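First chain A sits with chain B, and in the next complex the same chain sits with chain C.
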Partner chain A sequence: MEFGTMDIAAIRSGLAAKEFSAREVAEQSLARIDAVDGTVNAFLEVTPEAALAKADEVDAAIAAGAFDELGPLAGVPVAFKDNMNLAGTHTACASHMLENYVSPYTATCVQRAIDAGALPLGKLNMDEFAFGSTTESSAFGTTKNPWDTSRVPGGSSGGSAAAVAAGMATVTLGSDTGGSIRQPGSFCGVVAVKPTYGVVSRYGVVAFGSSLDQVGPFARSVHDAALALNAISGRDERDCTSQDVTIDFTRGLDAGVSGMKIGIVPEFMDAAGLTSEVKHAIEGAAEKLREMGAEIVEVELPHVRAAISAYYVIAPCEAFSNLSRFDSVRYGFCDPGHKSLAGQYEASRAKGFGPEARRRIMLGSYLLSAGVYDKYYYPAQQVRTLITQDYERAYETVDCILAPVAPQTAFAFGQISDPATMYATDLYTISINIAGNGGMSVPVGLGEDSQMPVGAQLIAPAFHDMNMLRVAAALEEAYGTARVAPDFADVKAGA
Partner chain B sequence: MKKIEEVLKDWEPVIGLEVHCELTKLETKMFCGCKLEFGAAPNTHTCPVCLGLPGALPVPNKAAIESIVLAGLATNCDIEKHTMFYRKGYMYPDMAKNFQTTQGPKAFCMRGHLDLDVDEKNINERYGVAELAPGETFENVTRTEDGYTAKVGITRIHMEEDAGKMIHVGGAEGRIEGATHSLVDYNRAGTPLIELVTEPDLRSPEEARLFMEKLRQIFLALNISDCSMEEGSIRADGNISLRRRGTDQLGTKTELKNINSFKSLHDGLLYEICRQAEVLEEGGVIYQETRHWDASKKRTIVMRTKETADDYRMFPDPDLAPYDLSDEFIERVRAKLPELPDQKVKRFQETWSLSAYDARHLVEHRVTANFFEACMETADAKLAKPLANLIINDLAAMANDGLDLSASPLSPARAVELVGLLASDAISSKQGKQVLAAVLDEDKDPAQIVEEKGMKQVSDTGALEAVIDKVLADNPDKVAAYKGGKTGLLGFFVGQCMKATRGQGNPKLINQMLAQKLNG
Partner chain C sequence: MTEHVTEKDVRDIAEYCRIGLADSEIPQMTADLNAIIDELAPITEYDLTGVEPTFHPIGDLSNVMREDVEGQSFTQEEALSNAPAQQDGSFLIPSILGGGEA
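What follows is the complex of A and B.
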């Protein structure tokens, strides 16, 4: 059996019926990674010992008749983005700077997944320190899009999206600062959820933009993503920005959209650069929702165009500060032989960080400096307030907003090399991080031109993530559940 | 260099203090659950948060917030209900995250003040105050019966975290110069720290010293820190500049660091005032620089010249949500305020009719205040003044030299007994000092010592009269001289009488009787 391609319910029922053991799930999943990942390169580190140990724990519980006490992810093969700490594994953030760094502790979201029964398969590739939209800035090679290995998987959580799309894991976790969950989710044709800021603890997830970062799941079904959210969400005393969320994210998923009001944003649909195939796909999704009984209405987000400018002030400022701890002194890459501390700092950081990380550090350092701070940081915060108010106003009339995730489907490696052009592709996702709302990508078929997956973005009011999950479930019903990418659907890994 | 008295005639020193105080009485660090413990093996009280490991996040220590609110309420500050933590960036290995979490323009405590009571003997260090009549005010100063009161503004008290400790190995005296390598101990990293900044309202080293002493008394009363200057749990930096008398434009300031005692603070500022005056009088320029007080060489040395302002790239810490204090929280903290030194001084004055001077000096040290109160639990109210004298004149100095008043052989009961013997003229004040020394030495009751040493004061007028008559008869020439106008010889006769009574004659009585006989 190919467990990595199964959904949670199938694994659960198989384990309950003793058709297979958790150990078999783990062994076969590891074998599949062996067979597939040479092509995809989603994993930076595979953790067979941890996966097998957890599998044996799950099997022991089943043998003891305690199956019902096992958490929602019992026996489910799960993997984590490389910026999430798991004690005893490398947390490199796909950077030379942390290439040899081994975590002494475990992130809350990772621990909660494991406590819920997940089998930890390993750590997944990403853009270095999550700076990027293609996973090309990883210091350890690019990840290939399983739908077309000549194309990028998106990013920064490219490994997380590709692992699920290639059937190497049932669920993966990623992080999203400006679209880093939703955009690779769209590019790889999987369900990808960035919950409202505060739903999932950030403790132990290496910070990029602390006020923007949020952890969320990738899966091939909305229901699986909701189960994963159930496992990882909720208040964590170690993260004072986490909230006391006790929602069952699976409730009401099949309630349908009849009677729901769903917004379409002209500022998004008419934006320059939106490819016609993505535009058509989103319009098609809107039509499907209307057919299912939803009311589609236009809503204005007048300040949303300023989101990219505000984001590229706030995010680099926070990143500059968050990355200042990587100084070669206590851990991480150290360029040896310098006579002065300043010399060691300079050389280690110049060689340890890649170009995009250096660019953002320099940008943040400049933006926070005396005399400059007032000109950029304050206005950016003001824009943040305006955008948040735009969304609040929109949600007075709609329950959820439907939008593109990205202007285009997955593109070829190297196709976009100019940073400003790359940043501009974040238009649809970034404002949601700025406002702190929930947003997700759900597959709505293949683009008519590229024949690559297109994701529809659903955006929900803060802490009403259920709204977008419910709409996503309806679209899933209409378009069919996300599939393993065709080239990998039939790969067999023995066992 | 000129003496301070000379300098002060022409120059007005303008002094402000920055006081850092570690909240050593708390159980845990500012942003993590690590234990606060001085002297533990290096890096044993650390965790991902205070080591700045990737992914770790801070969570504020509520007890620390309570402490700073206490400090603010006790120093007449406004408590800001809505504040934020900021990140202050600087790269140095003692700060694991390479930024310090501190507060921004708005701190938890803003706009406070303390009133300093300065003794008469220091009055000339404050320009123009000696000429005032009691009750009259000038600038931030009010003349009192026994000196003056200065109202010193407190700009703010903010919350921050301490850095780790760097140890440089291989260089001289642990200095970084010539060191082969450096070690870092992060046990101290993340220790909750409050920083108090005063307005530039202080005008003399004595005022600065008094401010620190008073602040320390308050923090000790609040029980928020052990306030040990030696261990660095309370540290002060002094900012000082001079301006010509009669002008009001501020001069360039220097910052004085490395002050680990009240004496260093006083002496360092005093030196710096004289040094700056000399430079200015010779037509020189004061550079804005940080100077280090070298107590052994008794001078200040340049540590660092500030050519450009440091750019700390401060911005609100996105990991710490804006901090809101509720009215209920503030009132709950206010209810925990103990009796503060000023209130205690007032109570001592009112309860035992002590002078402001006596009450103030008793309260100046918590141990002496506590000792006084323990004595007064049993003592007659009449003994309050002599007890205050004993404590201020004798015991305070001994306590400063290391005598532990709470555990010495001189229990409050013995002190009361000793003062009782003095008050009833049973022993002379000179004998009193001998008895005090013997109590501490031999651990016996004062009455027993007096008995054993046969120290009873002779107040029997009959016995004394015989002694006096003999002394006068033995010195006819001196008696004649006295009567001829050399009245200063009275002391000689008293001395002879005391000698004849082996020190046990009541000197007051002898004085009276001698005067009567010689003048009569």
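What follows is the complex of A and C.
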């Protein structure tokens, strides 16, 4: 059996009926990674010992008749973005800076997944320090899109999306600062959820933009993503921004959209750069929702135009601050042989960080400097107020907003190389991080021109993530559950 | 493209960030930063008089206090486990007093 291509319910019922053991799930998942990942390159590190040890624990509980006490992810093959600490693994953020770093501790989101019974398969590729939208800036080679290996998987959580799309894991975790969960989810045709800021603890996840970062799951079904969210969400005393949410994210998932009001934003749908195939796909999704009984309403977000510039002020400033911790002394890359500490700092940070990381650090430093701060940083935080108010006003009339995730489907490697052009592709995802709302991508078929997956973005008011999950479940009903990418659907590996 | 930063500015920023850019990298970094800063223009075009800033999406953040009781933390060995250089239970760095590179 190909467990990585199964959903949580199928694994759970198979384990309960003793059709297979958790150990078989782990062994077969590892064999599939062996067979498939040479092509996809989603994994930076595979952790067979940890997966098998956890599987034996799950099997022991089943043998002892304690199946019902196992968590919602019991025996589920799961993998984690490389910016999440798991004790004893490398947590490199796909950077030479942390190439040899071995985590002495475990992130809360990772620990909660494992406590819920997940079998940890390993760590997943990403853009270096999550700076990027293609996974091309990984210091360890890019990940390929399983739907077409000549195209990018999106980013920064490209490995997390590709692993699920290629059937190497049932659930993966990623992080989203400006679209880094939703955009690769769209490009790889899987369900990808960035919950409201504060739903999941960020403790142990290497910080990029601390007021924007949020952890969330990838899966091939909305229900699986909701189960994963149940496992990882909630208050953590080690992250003061984590909130005491005791939401069952699977509740009401199948309630349908009849009577719901769903917003469409003209500023998004008429934006320059939106490809016709993505526009058509989103319009088609709106039509399907209307047929299912939802009311589609136009809503205005008048300040959303400024979101990209606000983001590219706030995020680099926070990154500049967060990345100052890499000092070549306590951990991280050190260029040896310098006679002065300053010389060691400068050489280590120049060689340890890749070009995009260096650019963002430099940009953040400039934007926070005297005089410049008042021109960009403070106004960016004022614009954040306006964008947040725009969304609050929209939510007075709608329960959820439907939008594109990205202006285009997955593009070819190297197609966009200019940083400013690349940043502009984040138009649809960024304002949600600025406002702190929840947003997610759900597959709505293939683009008519590219024949690559298109994701519809659903955006919900803060801490009403259920709204978007419910609409996503309705779209899933209409379009079918996300598939393993065709080239990998029939790959058989192991026993 | 407007020149927001000069090559001299970029050298100063690099020094402040402790990133040792080679001379050959300065022109490209200068061009990249100017292009990106150009794109930030919309931020400067709004009338923001009287608009309060939002520095964080969770507005009512407060310090979290706990009882001052001993908890689990890293051992010295764990804290040093990723150090590029260590000696006698401490992080080892180049001398910071005198004898340095210019």
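As a working rule, the second predicted complex is superposed on the first by the 495 of 495 C-alpha atoms of A that agree within 3 Å, B and C clash if a C-alpha of one lies under 4 Å from a C-alpha of the other, contacts with A are read in each partner's own complex, and residues count from 1 in each chain.
Convention: a residue touches a chain if its C-beta (ideal position, glycine included) is under 8 Å from a C-beta of that chain, and two chains touch if they have at least 3 such contacts.
Just so we're clear, the structure is a prediction, and the values are computed from it rather than from any experiment.
Judged by the touch definition given at the top, the superposed model places A:294 against neither chain B nor chain C.
By the touch criterion stated above, A:197 is placed in contact with chain C alone, chain B being left untouched. Touch criterion not met for A:286: it reaches neither chain B nor chain C. Comparing chain B with chain C, the partner in contact with more residues of chain A is C. Contacts of A:107 after superposition on the shared chain: chain B is touched, whereas chain C is not. Of the two partner chains placed by the overlay, chain B and chain C both lie in contact with A:240. Using the contact criterion defined above for the overlaid structures, shared-chain residue A:341 touches chain B and also reaches chain C.
In the superposition on chain A, contact of A:383 is made with chain C only, not with chain B.
Touch criterion met: A:358 reaches chain C, while chain B stays clear of it. In the overlay built on the shared chain, the residue A:152 is in contact with neither chain B nor chain C. Applying the stated touch rule to the two superposed structures, the overlap between the chain B and chain C interfaces on chain A comprises residues 101, 104-105, 211, 237, 240-241, 320, 329-331, 341, 345, 365, 369.
Residues 5, 9-10, 13-22, 29, 32-33, 35-46, 48, 51-58, 61, 63-64, 66, 74, 78-79, 81-85, 91, 93-96, 99-101 of chain C are the ones touching chain A in the complex.
Residue ranges on chain A touching chain C, taken from their complex, read 100-102, 104-105, 197-198, 211, 237, 240-241, 243, 303, 305-306, 308-310, 312-313, 320, 328-334, 336, 338-347, 349-350, 353, 358-359, 361-363, 365-366, 369, 375-376, 378-386, 388, 418-420, 423-424, 434-436, 462. Within the complex, the chain A residues that touch chain B are 83-85, 91, 93, 98, 101, 103-105, 107, 202-207, 209-211, 237-241, 317-318, 320-321, 324-327, 329-331, 341, 345, 365, 368-370, 373, 377.
Interface residues of chain B, counted against chain A in their complex, comprise 48, 51-60, 87, 89, 91, 93, 96-99, 184, 309, 311, 313-315, 317-321.
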